[in-house]
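Following: one structure in structure tokens, then a few remarks.
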Amino acid sequence: MRFAVVQFPGSNCDQDCVHALRGLGQEARLVWHHETRLDPDEGVILPGGFSYGDYLRCGAIARFSPMMQSVKAAAERGQVVVGICNGFQILCEAGLLPGALTRNEGLHFRCEPSHLRVESPASRFTSGYGTGQMLRIPIAHGEGCYRAEPKVLEELEARQQILFRYCDAEGRVTAEANPNGSSHSIAGIRNQAGNVLGMMPHPERACEPEMGGLDGKGILLGAAGIGRSA
Amino acid sequence: MKAKEFALKLGLTEEEFDRIQNGLGREPNETELGMFSVMWSEHCSYKNTRKELRKFPTTGPAVLVKAGEENAGVVDAGDGLALAFKIESHNHPSAVEPFQGAATGVGGILRDIFTMGARPVAFMDSLRFGRPDAPGEAGKRTRSLIHGVVAGISHYGNCVGVPTVGGELVFDPAYEGNPLVNVFCLGTLRHDQIRRGAAKGVGNPVFYVGAKTGRDGLAGAAFASRDLTEESKADRPAVQVGDPFVGKLLFEACLELYARPDLVVGVQDMGAAGLTCSTCETASRGGSGIEIELRKVPQRETGMTPFETLLSESQERMLIIVRKGRERELKEIFARWGLDAAEIGTVTDTGRVVVMEGGKVVADLPARMLADDAPVYERAAMTPAKLAEKQKYDLGKILPAQPRVKEDLLKLARSPATGSRRWVWNQYDHMVGLRTVVRPGSDAAVLRVEKPGGGWVRVAMTLDGNGRWCAQDPREGSKALVAEACRNLACAGAVPLGLTDNLNYGNPHDPELFWQLREGVEGMAEACRAFDLPVTGGNVSLYNQSPSGPIHPTPVVGVVGKVDEGVKLAPAVFSTGGGEVVLLGTTASGGLGASLYLQEVHGVIAGKLAAVDLVSEKKLHAVTRMVLAQPGVRAVHDVGEGGILWALAEMTFGEGSAGGEFRVPCGKERPEEALFGEGAGRILVELDETSMPTVENLAKEGGVELTHLGRTGGKDLQVTVHGAEMIWPVAELRDGFEKSLPKALGP
Amino acid sequence: MKAVVTVTLKPSILDPQGEAVLHAVKGMGLQEVKSVRIGKHIELEIEGGDEKKLKAKLEEISRELLSNPVMENFHLDLRAGG
Amino acid sequence: MKAVVTVTLKPSILDPQGEAVLHAVKGMGLQEVKSVRIGKHIELEIEGGDEKKLKAKLEEISRELLSNPVMENFHLDLRAGG
């Protein structure tokens, strides 16, 4: 499948995403935030980084860029949209996913491998995994604490929109294993329609043994529509 | 005010003023004096240290751009790949405003690297503070400095998307009033992409790009109040604020610009001394002149005087000279990245920097005189009166009659001096870019770097300093730290290609302090020659002292090397058990002189480091690299601070690492010496039993001693020395190691 | 004209930075403090334009850009002069 | 009682955050904006204590903890009630 990786001023995981996608046999092109054209059959990646310096609030300014209007339209048409880290923040600010990402409870930026539990394999992004499967994928963020109204959290739970939760090395979801204080230990969610994914951990950093593992492959391949069989 | 009086206020000396006046054949005006005061400062001219710096070896087959030629040195990494790297200090700004001081330090070194045409791919940081666990106000202030500096580096480095992959963090009361913040950056480029900071081609336009100019950094010694407007007096900021967002856009825009063939003629960042430095240095290097109009300089504030505009140290700005007729291309690229680009002048053939404001000449000076004709001083050096006394020590008086090694190691393990630096590097994105093969926490960081023709080269790098060693013996201490840096690279299977150094010392007018610097430079130079290691650049930071005295003499070196093709990288921590552990290199511990052990466990700094045997050291590195190319190597780690016992302990701290049973060689010395001595020339290797014969053979052929220490396994660290056996549960040691720093620093 | 937009966290949202400051404030001896909340103070200098239109636009900007309705409230204050 | 401390950057200090927001605000169609500066709005809830002493203590806290005198100014405002 072909992916458009959107470059905002201040994006810095754009090339990493392109590298990982190509390594998985997918096509990837970079598109500048001023552009508006997206092909009807391509997936969209909003990469990590610090769009507009993350000033004001992460993702707050990026969501006004011309490309985001097209991304919104593409998401409504059912195209795949994946927001990673800063991309997740932008998706929330743009209203494509509910909730908001706030400053890590410990107040520090954290870059480290995180353990994730796959909560629901019933999505294209997780179809390559089993329920409860443990993944090890790095995080690198200062504002990854997921917050939403209690009602929204209930809905996310009820509709199995929570795809990944932080857990410890044994797979237990505990407060200590939660690196940023996210409500319900949320690390990644999808929209109701199932075509938009937002997650704080970086799957593109876990697609090569040399970079510390392969656990992120399934997510990107899932986005490309390649499930378990691959 | 008389010109001379004004010059003195700016920090120029009377002789320097006369030199300027004679050189010009007229009296300089105030703006011109301002320009001289910054260009002839130590920071820009190296007037006190130039003679010393000439002692470094700077040439070698791998050197593409030599020290002093450009903003950073460049070395050849083979296959058309070149590496640009340099270290820079931001000690004083960080003492005043730790967050912004450190952040702008990162921004500054970043610009030095991409100015060379290189894409920045890694940072390292070397930090020194007082003790965070000191009681009362001192400890509190130190903790807040550490929090601020680490947050500042994290802020800038993470935002620009360049991983911070290594560094050091050292505590010593000597840095309490004067912390050291040194930042290193490495960039990669093709040989044919190297950019020069030279203004060439009469009539070529001179562009100013990046952030607008404000009154940032206009304070300190090089500042006189009389020239200020009333408006600026009311608010005279010393603090420069970094904008990593603009920093990132600036380097992406510049790299895009460089990619256009024949567009850029010369480029120079605006760091210290801003517009003044960038214009006169490019003109001087190009053997040309430059004429600029200040009204065209994008300004953030109103009513700035020429003096202020020329001396401003606003961040994220560059000077770029392009080929005439290609102006539009530059403007388009910068507009796309949302950055200012203003044509502020042209290249001339007059050899002069001519500055105009509204068409009126406000400064007209020979470029060479500003950039290259600063006076060079030979400072007096004198062996410190108290040195011999400092170096004498009586172990019998310091150590207890009965060794208490068991407690000693636990004490060491719980000290913030030895604790895991995870608290720091977790705050740095050390993975962005997908190049970091060996992450922080090992002996050297390793990056994979794309070769121009495809495929990877693995590049290893390390930053090392040791103020305690150098305080006790600046010459041997400096040699030892170059040896240590190279040893760290050897543990990554890398051959060193080049060294960059930051000379952090006290006031050069104090002969005892200048002696430290001279000894340090000579020691480093000797070690570099022994390792065939060219010095490719660096930085000098003097006047590092507070009312309580000068810092330890603290040269910091950054060494970059290339990992041998056949090397399989091994972790610095033990496997899950069942491996053989050998010591490569000398069995002599070097004794406890200047050791961390004496400082941390017994509260004294005493004695001096044993002299490094550079010849044996070099052999050790070669053998280690060959060993790492063999199958069956499980772990490798060098012996450094804390001695062989601490090195063994550290090797048990990996996720899932086993403990082990070891016998440490000990001669007539006390067991503490054998266990905690910091002598150079030792590397520990864990390997499969089956690989032992090959490794023994390599060591023998390479002329390196090999000693069997024991085997890994179990959950305890068990060490026998002189027949006495000691046991520590690894979990207990590891707990101290993991928690000491967070505990000392607070949340 | 000057517009001051004050953005505060909704009461239900946890403010870890405020908590940290609360801790430090108590450490400095002010035991009477019960809570600390940290918001943003945003000043915009405006020249010209029709006041009424400006106000509507500023409301929009405060709502859409300067604050995030999921977790924040805002207050807009218009002042003559600078 | 409630204390509101407003911390603003000194006029000559660069405000990268404000610059980025200025761009965005213009992008949203408000061309009349000349500058944006972003500061902190800190609310402290206080119970009990002697008002005069509190005020002195709050001044100290604003100066030493809540603001950074090298770069920032602060304004302290005490309001009855909460």
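General observations
When the chains are written out, they are named A, B, C and D in that same order, and each has its own residue count from 1.
Quick note on the criterion: a residue touches a chain if its C-beta (ideal position, glycine included) is under 8 Å from a C-beta of that chain, and two chains touch if they have at least 3 such contacts.
The structure displayed is predicted, hence computed values, not measured ones.
Of the two chain pairs considered here, B-D and A-B, the higher C-beta contact count falls to A-B. Centre-to-centre separation of chain A and chain B, using mean CA positions: 36 Å. Separating the CA-averaged centres of chain C and chain D is a span of 9 Å.
If you average the CA atoms of chain A and of chain C, the two centres end up 29 Å from each other. Looking at chain B, residues 243, 245-246, 338, 747 sit in touch with two or more other chains.
The set of chain D residues that touch two or more partner chains comprises 16, 20-21, 23-24, 28, 38. Looking at chain A, one finds that residues 52-53, 55-56, 61, 64, 106-107 touch two or more other chains. Chain contact topology: the protein chains form a pattern that is neither a line, a ring, a star nor a complete graph. Interface note: chains touch in the pairs A-B, A-C, A-D, B-D, C-D.
Every residue of chain C that touches chain A in the complex is listed here, in rising order: 13-14, 16-17, 20, 65-66, 68, 70-71. Interface of chain B with chain A (complex): residues 151, 154, 158-161, 243-246, 248-249, 336-338, 425-434, 436-437, 448, 747. Residues of chain D that touch chain C in their complex: 6-8, 21, 24-25, 28-30, 32-49, 54, 57-58, 60-61, 64-66.
Interface of chain A with chain B (complex): residues 9-13, 15-16, 19-20, 32, 34, 48-50, 52-55, 106-112, 138, 140, 142, 202, 204-205, 208, 210-212.
Across the interface of their complex, chain C is touched by residues 56-57, 60-61, 64, 92-93, 98-100, 102-107, 145, 147-149, 181 of chain A.
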